[in-house]
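Okay, so subunit A shows up in both of these, paired with subunit B first and subunit C after.
The block that comes next holds the complex of A and B.
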């Protein structure tokens, strides 16, 4: 009886332990689920604010447009319907506020009671019109034609070059500038950090005495413990003004500032991983090299570095991954201009910074909110891919050794 | 003969230059750490006073203290650890003591690695979608604490696993040989030996949790809230978010600079203490175990 009870207890405990160990897997699956469910919404809705519509004259053959085309129309970059496959009629822009240009206050009546009729009349009488107004002004006699807006496709989302999710009349959701901004800052950071990190890793693993190493290594690892918001603050008050003075810029918040801050943050990751790889070089190989008359330095760059190349690569890739996902520090020092970067001395904006800066203002469940989750998906996919890549690189390394 | 000498000289010289560069670089990195720390300490030390850590922010966060932010961060640490520490430790025990090598273990390991690689802002998005919206906790300490807990779960699992691995197998064999069950062996023999190292992981996670900003942006953090939270369903201020706010978008950025330095210093102190404590603990018990 007693042993039976004990066995049951053991079983119960084991299943509790098993459940706990499933926590991380469940979390990863839930993260994927929620990101993609919320993010997918952006591709199923029309990119126009709820409760508003775009209408054209009934005789206008154009019935469907892309968000970017509509934006060009309202920016007056496209001024004739013939550019959009319609007739050769100049485009007349109309927003609700423009109504007084066409009708006097008496004609509109008290409290704009005649507003729906007048809009209807205007659209019916102006062949080239494109009107943006609230759908509560649409009544039964509406003679215009509602313009259909193409949904955002995944391709458009990735390839459009403008990110302006709160734009009127239609949101512009091209993440290309954000992806470019993220890659620029991260690659810049690695270019700065890699040589420095390698030098430090070589020193720690091959040159430094044990005592020096035991002293320096925890200090370097301490760099990884400093919160990113503190790095951001340090960057804001020290590095940003420094860059502004050094290059004589109007603003110091630039891609370069982001890269410098990220480089400092990536150092401990790259150093720790490459140093581990270098220390794994078999003693026999090093001794063989030294015995053949090679100097210590020749042994390092002809034997140790080639041997640990894949470990160093893994460290660098992981460093890039960290840099791509870093939010607060980048948000605080890069100036957050959503344009395709042209120079390291210009402001840029990254994907994580965009999410952090805009999610607070995006109404729950709206298009903007969903677009930010879609950005989260992109970020997740990139970092997931990078983790996999590191896995492959390190596995190849361990296979080589056996 | 002379060319050989030249070659040797050249060899020696290039080694000298290379090693010089490496040494200088390493010390420069450490120097950089001290520059960052010194910069914040020097600018922040004058701000720190009893009032600073015990009073409410005043005058658009340009004066007064950061008491609610400290309390908020403490609450977040508490909630996240109450959740993540037991789950992480139990998961690690299962991974190290129970499950045999094979594909289930590989998958769990891989998933834990993947979770560790997820950017913190994605945790923020996830926490908002699941805890704030789906489970309707709202912006609350509970939602933020759970999000942070998930973020540090891989850290706790990893450090616990390492601590358990360090326990010599003879302890397990002796216990099992005396007729103890698996759980008795784990809970009475293995766990107590590994415990100091597990606590090291806990301390490091506390340091990490108190400094994270992105996951709490949309799950708990309040811009300005001059009262203390009364339950885990309340919003709260938090140190890292407070620093972000007064450094970038406060009512008067220039005037609140001093407050920002002070807040940054408090954050640095928390991180330094948790790191030093963890290192000291590791060293102390490392020696003790060797003596046994």
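The block that comes next holds the complex of A and C.
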């Protein structure tokens, strides 16, 4: 009886353990699915708001425009149809709110009953017009011509250089500056963090006395526990003005500021992992080296560092991983201008910062929302690749040992 | 065998727990106090509506108010779908929205509960003290890049803007920039406080903030909307008498059929106490 009860108990515990591991894996897979399904939506839509259209006068030879051309038209950078392969007619912009400039409230009728007729009339009478309005107001005798807008392709999404997801009438979705910004800042962070972290790890594992190490190690680990907003605020108030003064820049919110903050944040990861790897060097190897007459320093860089190289690499890669995904601190110090960086002293905008800053206002299920998910996919692919790299590096090491 | 069963059960458990959570939501929304009012919309109005709701619920136990942000457009869309009682908005209805309401045969009552003014700020070391709307537009669209073009020192202009999720971003774009897009190299900061901080420490900086956030670390600019004939300094007084051009009313909007239900909330917002809160939050009271 008792053993039976015990068996049941064990079975229950076993199934609970299994359940939680299964739940975790399923959650992960579901999240990835969700991410990619939402993200893929961006490539199935035209970059114009749903239910709206762009129409021109019927005599206008232009019938297809690129999103970037439409943006330039509505920003009044292109003001004549001849620039777009049309006739030499100035462009007249029209948004449905402008209808009151042409017709009085009475003419439009109660509840805008006459809106379809009036807009029809306006488009027919104005050769240079480009009108942006809801497709509900297109009636049967509509005389205008609807403009065709190219869909966003994966290639365009990745290679376009303008990010204006809320631009009206047509959103600009070019993520190239965001990808560059993310990689740029992370690269800077790792260049700054790696030498410092390596030096600290060597000191802690090989040179420092036991008491010093017991004091320093917890301090360094404490760095990992500081919330990233605090780093961001510290960066904004201390590092940004410092960089501005140091390089005599007009503006301190730069990729470099982001890199410095991220480097500080990546330090504990890299130090802890590489120090652990160094301390795993077998005592016999070190003693053999010293017995052969090598000095302490020679032992460190001929024996300890080569032995722990894969651990150091893994630490560095995990550090980059943390830097790439970091949101809040970067959002606060890099200025968030979506331009392709030309130097470390220019503002940049990263993918996580973009998602964090814009998801709040993006309407659920809309194009902007899906574009942000697509950004999430890109970020996921980058970090996934990095994690795979860590796997490969550590695996190579364990094979070498056996 | 055991394993496959478990895998089949998991989604089931998931579904069950989802369903339960939703039921609970509904229960809390409909139970308890007599009137429950939902207010949704503009993030600019949000702090004001929240404070007023808290104060009102303290004194009046019969009303329960839920305030949700998301942006003016979100609130008005919810109003069109009938999922909120009051929409908060930091702008008037757009023609498209009016047409949507007309389609649904909803008559909307708009009540102005306060005013908000945007201040254009620069670094205190900057010589420039006034700009026209056209100059501001050119600065933020990237056509003017140096302060000497608008009568200042030979220094690069560093323009700061809010993130695109902010209603202030849209308002500035529509009112000041003639609906043109911001230049790509404009710096976007996530909060008004960050803009004040950045403009205060950057010599060539220019930015815009709500009047309520103005501090001594930055300099306010006078603005002209008539090609430079008259420049008006931003202040509570000039925003109130509408001589300051970059100001906007803050609205509560509700369905006229629904007027009885929301009366307590709207009346409180217009009462002396409500208007006192307007001042405390940093907006401009009605009178």
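Simple rule for what comes next: the second predicted complex is superposed on the first by the 310 of 402 C-alpha atoms of A that agree within 3 Å, B and C clash if a C-alpha of one lies under 4 Å from a C-alpha of the other, contacts with A are read in each partner's own complex, and residues count from 1 in each chain.
To be clear about the criterion, contacts are C-beta pairs under 8 Å (C-beta built on N, C-alpha and C of every residue); 3 or more make two chains touch, one makes a residue touch a chain.
Keep in mind it's a predicted model, so treat the numbers as computed, not measured.
Tell me which of subunit B and subunit C touches more residues of subunit A.
Between subunit B and subunit C, B touches the greater number of residues in subunit A.
After lining up the shared chain so the two structures overlap, which partner does A:236 touch, if you call subunit B first and subunit C second: first, second, both or neither?
Both partners.
A:54 contacts which: subunit B (first), subunit C (second), both, neither?
neither
Who does A:112 touch here: subunit B (first), subunit C (second), both, or neither?
Touch status of A:112: second partner only.
Could you look at A:250 and tell me whether it touches subunit B, subunit C, both or neither (first, second, both, neither)?
Only subunit C is touched by A:250; subunit B is not.
Looking at A:23, would you say it contacts subunit B, subunit C, both, or neither? Reply first, second, both or neither.
The answer is both, since A:23 touches subunit B and subunit C.
For A:332, decide between first (touching subunit B), second (touching subunit C), both and neither.
So A:332 meets both subunit B and subunit C here.
Considering each complex separately, which residues of subunit A are in contact with subunit B in the first and with subunit C in the second?
18, 22-23, 236-237, 332, 356, 359-360
Help me check something: in the complex, which residues belonging to subunit A touch subunit B?
Within the complex, subunit A contacts subunit B at residues 6, 9-10, 13-14, 16-18, 20-25, 27-28, 30-31, 34-35, 38, 196, 199-200, 202-204, 207-208, 216, 218-220, 222-223, 225-234, 236-238, 264, 267, 271, 295-298, 300, 321, 324-328, 332, 352, 355-356, 359-360, 364, 372-373, 376, 379-380, 383-384, 386-387, 391.
Where on subunit A does subunit C make contact in their complex?
Where subunit A meets subunit C, its residues are 15, 18-19, 22-23, 26, 71, 74-76, 95-97, 99-100, 111-112, 115, 133-134, 136-137, 162-168, 177, 236-237, 240-241, 244, 250-253, 331-332, 335-339, 347, 349, 356-363.
In their shared complex, at which residues does subunit C touch subunit A?
Result: residues 2-3, 6-7, 10, 70-71, 73-74, 77, 94-96, 98-99, 102-103, 105, 141, 155-156, 158, 163-166, 170, 179-181, 184-190, 194, 197-198, 201-205 of subunit C touch subunit A.
Can you check the complex and tell me which residues of subunit B touch subunit A?
Where subunit B meets subunit A, its residues are 11-12, 14-15, 18-19, 21-23, 25-30, 32-33, 36, 39-40, 86-88, 90-95, 98-99, 107-108, 110-115, 117-126, 128-130, 133-134, 150, 153-154, 157, 181-183, 204, 207-208, 210-214, 217-218, 240-241, 243-244, 247-248, 257, 260, 264, 267-268, 271-272, 274-275, 279.
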